[in-house]
Amino acid sequence: MIDVLLLAQESTGFFPTFLQTLIKGLALGSIYAVMGIGFVIVFKGTQVLNFAAGGIAMAGALFMSILVNDAGLPFLPFSNPLAPEIGTTPSIPRWLINLVLALIIAAILGMVLERIAIRPMIGQPLFSMAVITLGIETALGPFNRDATSLTARSLQIPWGLEQWEFLGAGIPKSYVGAMVAAVLCFLSINLFFRSRFGVAMRAVAFDQEAAQAQGINVGRVFSIAWGLGAALVAVGAIFYGMGPFPPQGTVSQEIHPVLAFRVLPVIILGGLDSIPGALYGGLLIASAEVFAGQYLAQWTSVLGAGYSTIVPYIVMLIVLLVRPYGLFGSEEIRRV
Amino acid sequence: MSSNETGTSKIIEVEDITLRFGGVTAINGVGFHVTEGELFAVIGPNGAGKTSIFNSISQVYRPQEGDIRWKGKSIMGERPDAIARLGIARTFQNIALFGQMTVIDNILTGRHIRMKNNWLTGMAWFGPAKKEEMENRERVEDIIDFLEINEWRKHPVALLPYGIQKRVELGRALAMDPELLLLDEPVAGMNLEETEDMARFILDIREELGISMILVEHDMGLVMDIADRILVVDFGRPIGTGLPKEIQSNDDVIAAYLGQDFSEEISID
Amino acid sequence: MSFGRPHLRTSYEQDSAIFPTYFQKGAAGLFLIFIVLMVLGNGAAGWIPTWLFGQTWLNPLTLVLPFAIAALGFNILTGVTGQVSLGHAFFMGVGAYSAVTLGGKGDGGVKACVPFADNIGLLDKAGECGLGLPIWIWLPLAGVFAALVGILVSPAAVKVRGLYLAIVTVGLVFIGLHIARMLPEYAGDYESGRKWPKLDIRIWKEEVPFIDMNEDGKWLGLIYLTEEQKQFFFLFAILLVMMAFAKNLVRTRTGRALQAIRDRDVAAEVMGVPEQHYKRVGFAISSFYAGIGGALWASYQGRVSPVDFSLLLSVEFVAILLIGGAGTIAGTMMGTLFVELLPKAVEKLTNWLSGNLDSGGVIGDLANIMLTSGPGDFGPVSTSPTAPGWPMSVFLWNPVIYGVLIVIFLIFEPHGLFGIWVKIRNYWKGWPFSY
Amino acid sequence: MKFKRLLALFMALGLVASACGSSETDDGAAGESESSATTEATAEEETTTTAAPAEAEEPAAEIATDFGVTDDTIKVGLNADLSGPFASLVAEIVEGQTVYWEVVNANGGIAGRQVEMVVLDSGYATDKGIENYLTLAAESDEGVAMISENTGSPITAAIAEDAKDDDILVIPLSWASLWADPDIGPNILEKGTNYCIESMNGISFLADLVTENGDTPKLAILSRPGEYGADGFAGAALAAELLDIEVVYAAEGEVAGDDRTAVVTQLVNSGANIVWTTLTPGETADIFGNAVAQGFEAQWSGNQPSFNYLAHLGGDLAESFDQYWWQSGYTVPWNGNDSEGMQDLVAAFTELRPDNNLSDVYAIGWMEGLMVQTVLEQAAANGDMTRAGIVAASQEVTVDFKGLGPNQSWAGSYNDSVVRESYMFDADATAFDIQPVSSGTGSTGLFIEKGPFVSEIVADYVFDGPCI
């Protein structure tokens, strides 16, 4: 064992390894952040902690896979006219158009779920709403599993596993893609919050009844929050599907269903209601996870196999001991 | 407990407390004291900081400056439950009953600090725990009789009418066998009949049980009728302290508060 | 004599009893006797409908009992104290592994009980730690250890509120799984676990148990019972005791303090109920129940793997609480029965439907709508348990139904099965008047 | 509509009946017209009912039975993972067995009795699995004669002791060498090569490849926590010892959790040129993909469950898998050879499940069927179809898998009866078809490279118990 460890330190230079780790941390952080924002938007708009995000995210990735594989659309008499030809990888623009389509479908799924399961619960305790989403998550799971069990669910990533060489480090294009996607999402969400809908959503988040009285259509705000939230977590799931992230270009039956649970520490750290918090939290947690995985590897026998998986939870617990409302969350003044 | 010279010994002293939330100063240098058996009232317009004074005494909020002394000992920095164990009970402006519990259970919760059984003896039930429960249950029934809420005993309080809830809250505070009772707007939102009932209960408590009280109230008629001394606050600052008569004739008070509130009161009734 | 008349009680003791009237006492007693007779089967009384508790259902039903105990604990924490926890599976795990460490058979000797013994070279190969103590030691201690761990984690848990707590406890489950993976001396193989001590009652470590629960035979020389029946009665007795404890807790000082924190935490503190202390107490008691439940579950099964103490198990308790009705013991029982037996019932229903596929009539039509028996037929449920893809097999539909039921119950009946029961009861009490 | 469906089912059954009835002389009944197939099936059913007792050469009444066997049916139980992590694989395996019984039943069943499957879902959870076992092993009319499939090492380990007490035969869907434990007894009828031997054969194969290229083999072993990982690892370590290969990285049970950066880092830095994995497909893809992305080149292989053609040949890594991956296995892949068994299997699926996706694992279910049939027929011939009788019969038979895999018997010591052969497959990304159906010509992309073969170290090794 000892020989192996010495070898490990010698064979790669310090800097390329560090750079590679940093990029990986940033890329994973981008995905956590995007999904975290998905959670936060739903929470801000509807006061629901969306445990169903995992199921919705995986469904979004599945929609994407269906669209780009041209296997015909299930239950529909026609197939996707924008799909690439069978067996070919789509060009980037065509892939992006399909991505947008997939996100729209995911958003519709989010809106439908909100309309049937969340809307009737307005005004109920936070816990009940959160548990409703646990119910939805449980119910969505088998469909996702079933859809991935028969055919390869390739995401047809145009750039596959290509990577750039930079200062001796290999930088996968998918990592950069994830970062770009996160930046775009973050910017557009910020723009959105400045628009009329954004103001309406903030008003609803502050006080649903007062907002209603001011003529704001609370139902529509709910719908939009869920639609946006669903699309965002789907973005996360799709970009996480790209190699060299574990699913390696597919929708994975093993890996995708648990992805959303890994985002929970992120939103706790950032605060349930803070969008910048989700961003910083995502980057922080992912970096902690990836750096621990890289640089504590030789202590595996002490830390236990797979220790990096629980690093986010440990970070979360420590932060919460110091700041019970996360790093960026707003502390609630106890009213009497 | 030792000093029994009614009316002379200070039971609680509030000394120049200041309480801020971020940039907002809720209380600014308020000071007063209450002697044993006294009925002290705090009045002031909405948002004047009356409830914040109560919250400071129960240490739900921690004033940044000043001192609060209970029988000469500072209670600053104690936890709210420790304050309760000293013998300070209170009611709340917006009723804070335990909604899903019955009237009996609510008032029994008031007995919490006077009871001893813990989770272990409680789980076992038979023996001392059961005996203690029964004894306290008797005490609670006395309070229920006193407040005339017999018919509601077994109902979850969230389902009760507003006036009854206010009474249950008073009962819960009484069950603590307090030495000082903080009443936060006990008759707010009540009709004339209910107000009279509540006034009668307050006077009964004072006469029969000899408990000191601090009363925050909007209803000027009630305050002037029953209070021994009155403190007037506005924007967190004290404006004046004195006997009801003095307050009524205090120019500052009239300017800041009374005129406007009397007219409000008329419009309410 | 008072037959269910609520106003004729003569003492406070009677008033706060679990079953205040003779009628209720009698009903409870009859219900108990009924259960016992049903489990005993035809041998005891010919007229008892044994089909319900026959061979098919006795084992699943016995399995419900440890879950009911753990669910009581979850109810104390979440239903009574109002602290939403998704970490119940973790505490069940702590109980289960305490039980196997104290009561199980170890092959690594005392050395194996040193954590990381194989890492620091004390053991050649991961041995298992087990002290082989009798049940009257390991069962209570399983609960106590779980409670201690509950107290240990409470500094983080009592500080955070609401949904934050829910997520923190999710973290607990993952950390627990990781620890289980790190300590095979206690947890056994990560996937297949290790052997638990059986439910037999021994006085000390003797070979022949004082009461043998794993062989058919006479129990205490009195009555002939099968293995399954013995285990049922034993677990059922423990459940009854735990139910009584829970009920007593809720109707005394501590229980009121816990409920006060749930309903109005600030007001509770001002009434002299120290919030953090009682949250800790709630955590500890809930963990105690979880520990006992976990230990009994694992012992009854004989083998449970660490991966079984997953988030899914915690979610099961949330479902039990919400479907049964929060805060009530009867509701917890109904919820546990419902949630634990639902998959089996759905399976039976589908089998029955597919058996009636060609029978015509309403049932046949329903079966035709619901089931797909071959290509070209349309229906969401496949009659073949194995057909992958759409339509899905009944086994994949099971979790869907379970999830949808959680949603439906929350939307339409927030008080759960207990709420429905109260409505039915009130309807019959008021009959023929509708209110 | 209902009538049509019934008719279709009936005809399908009839077709298979005729196909199988005549398969020895004729290559299926595809050319026969529907009407003749139907009449033939009807005729055959009639003959079956009358002829069955005569064929068995003793009246059914003389066969001793206890649970699960009646005069006209035999119940076999399956404790399968149909909603858990292995659901997609297991569902196809069960499908393989289902089709097998459809064929057998159409041909008159076993000893004049129709075979009825009782399928229960464990979701791969031990507790549910135990509960299912108790239901299947019930000593009443609801119990089964034997358990023809029990998914997973954990659940099998959990019920092994009970199975011994109940004296019921269980065929585990698990290739752990654990079932060699004499304590477990003859009740757990292990099937095929175990992970331990598979690892030894596989590493021998890879080492030969590397040596042929003039390199010295340097081995990295990756395994996950649990019995599967431990067994595969034990075999790999044993192979390294016997072949005198340097182990440059040994991650025993270290592949766990969702982030495998640590393992990839150490693997890439270890300089290994042979990698043996005992992982799940997701873990394999992650580690393989990241290592390849970092320029790591080696000959990879792993125990069969490490690989899943859908996940691996359907994703971005397809070409890399094609280049570096050799898949190990215990059975012939779909249409992988032209043995009698494979022909039967393909014919049956083409007829009975033309729209099913094809799968390499149908063969596993089919082989379970062959095992059960051989054992039950022996039990019937012995005149004892009690559970104990079936267990006894299992020790007397040799199962002929008709070219689907190495034949197997369970008599004698473990060392005598253990299956030492395994296969190595070449993964071909271009041949892989994303949605192949069993009536088409598609492929799962795996082709036999070598096998069945026994490496030297396995041939000489004495197996007297589990490797772990």
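Letters A, B, C and D mark the chains in the order given here, with residues in each chain numbered from 1 onward.
Keep in mind that, in the parts below, contacts are C-beta pairs under 8 Å (C-beta built on N, C-alpha and C of every residue); 3 or more make two chains touch, one makes a residue touch a chain.
No experiment lies behind these values; they were computed from the predicted model shown.
Colleague: Counting only C-alpha atoms to place each centre, which chain is farthest from subunit C?
Modeller: Comparing chain centres, B lies farthest from subunit C.
Colleague: Need the central chain here, defined by C-alpha centroid distance to the all-chain C-alpha centroid.
Modeller: Located nearest the centre of all protein C-alpha atoms is chain C.
Colleague: Rounded to a whole Å, what is the gap between the Cα centroids of subunit B and subunit D?
Modeller: 76
Colleague: So the centre of each chain is just the mean of its C-alpha atoms; given that, what is the distance between subunit A and subunit C in Å?
Modeller: 34
Colleague: Distance-wise, how many Å sit between the C-alpha centres of subunit B and subunit C, to the nearest whole number?
Modeller: That gives a centre separation of 44 Å.
Colleague: For subunit A and subunit D, let me know how many angstrom lie between their CA-based centres, rounded off.
Modeller: Each chain's C-alpha centroid was found; their separation is 37 Å.
Colleague: Of all the residues in subunit D, which ones touch at least 2 other chains?
Modeller: Expected reply: 83, 87-88, 91, 225, 253, 256-257, 357.
Colleague: I need the residues of subunit B touching at least two other chains; which ones are they?
Modeller: Residues 60, 92, 96 of subunit B each touch two or more of the other chains.
Colleague: Would you please write down the residue numbers of subunit C that are in contact with two or more other chains?
Modeller: 178, 181, 266-267, 270, 388-389, 396, 399 - these are the residues of subunit C that touch more than one other chain.
Colleague: Flag every residue of subunit C that touches subunit B in the complex, lowest number first.
Modeller: For subunit C paired with subunit B, touching residues are 12-13, 15-16, 244-246, 248-249, 251-257, 259-260, 262-264, 266-275, 281, 285, 327.
Colleague: Which of the residues in subunit C end up touching subunit D in this complex?
Modeller: For subunit C paired with subunit D, touching residues are 55-56, 59-60, 63, 178, 181, 189-193, 297, 301-305, 308, 347, 358, 368, 373-377, 384-389, 393, 395-396, 398-399.
Colleague: Under the stated contact criterion, what part of subunit D meets subunit A in this complex?
Modeller: For subunit D paired with subunit A, touching residues are 83, 85, 87-88, 91, 225, 248-251, 253-263, 265-266, 268-271, 280-283, 285-286, 289-290, 292-295, 309-317, 320, 357, 434-435.
Colleague: For the complex, give me every residue of subunit D touching subunit C.
Modeller: Residues 1-2, 5-6, 8-9, 80, 82-83, 87-88, 91-92, 94-95, 98, 119-121, 123, 125-127, 130-131, 134-135, 138-140, 142, 152-155, 157-158, 161-162, 225-228, 230, 253, 256-257, 355, 357.
Colleague: Which residues of subunit A touch subunit C in their complex?
Modeller: Interface residues on the subunit A side: 49, 74, 117, 120-121, 124, 126-128, 130-132, 134-143, 145-146, 149-150, 261, 264-265, 267-268, 272, 301-302, 304-307, 309-310, 313-314, 316-317, 320-321, 324-326, 332, 334-336.
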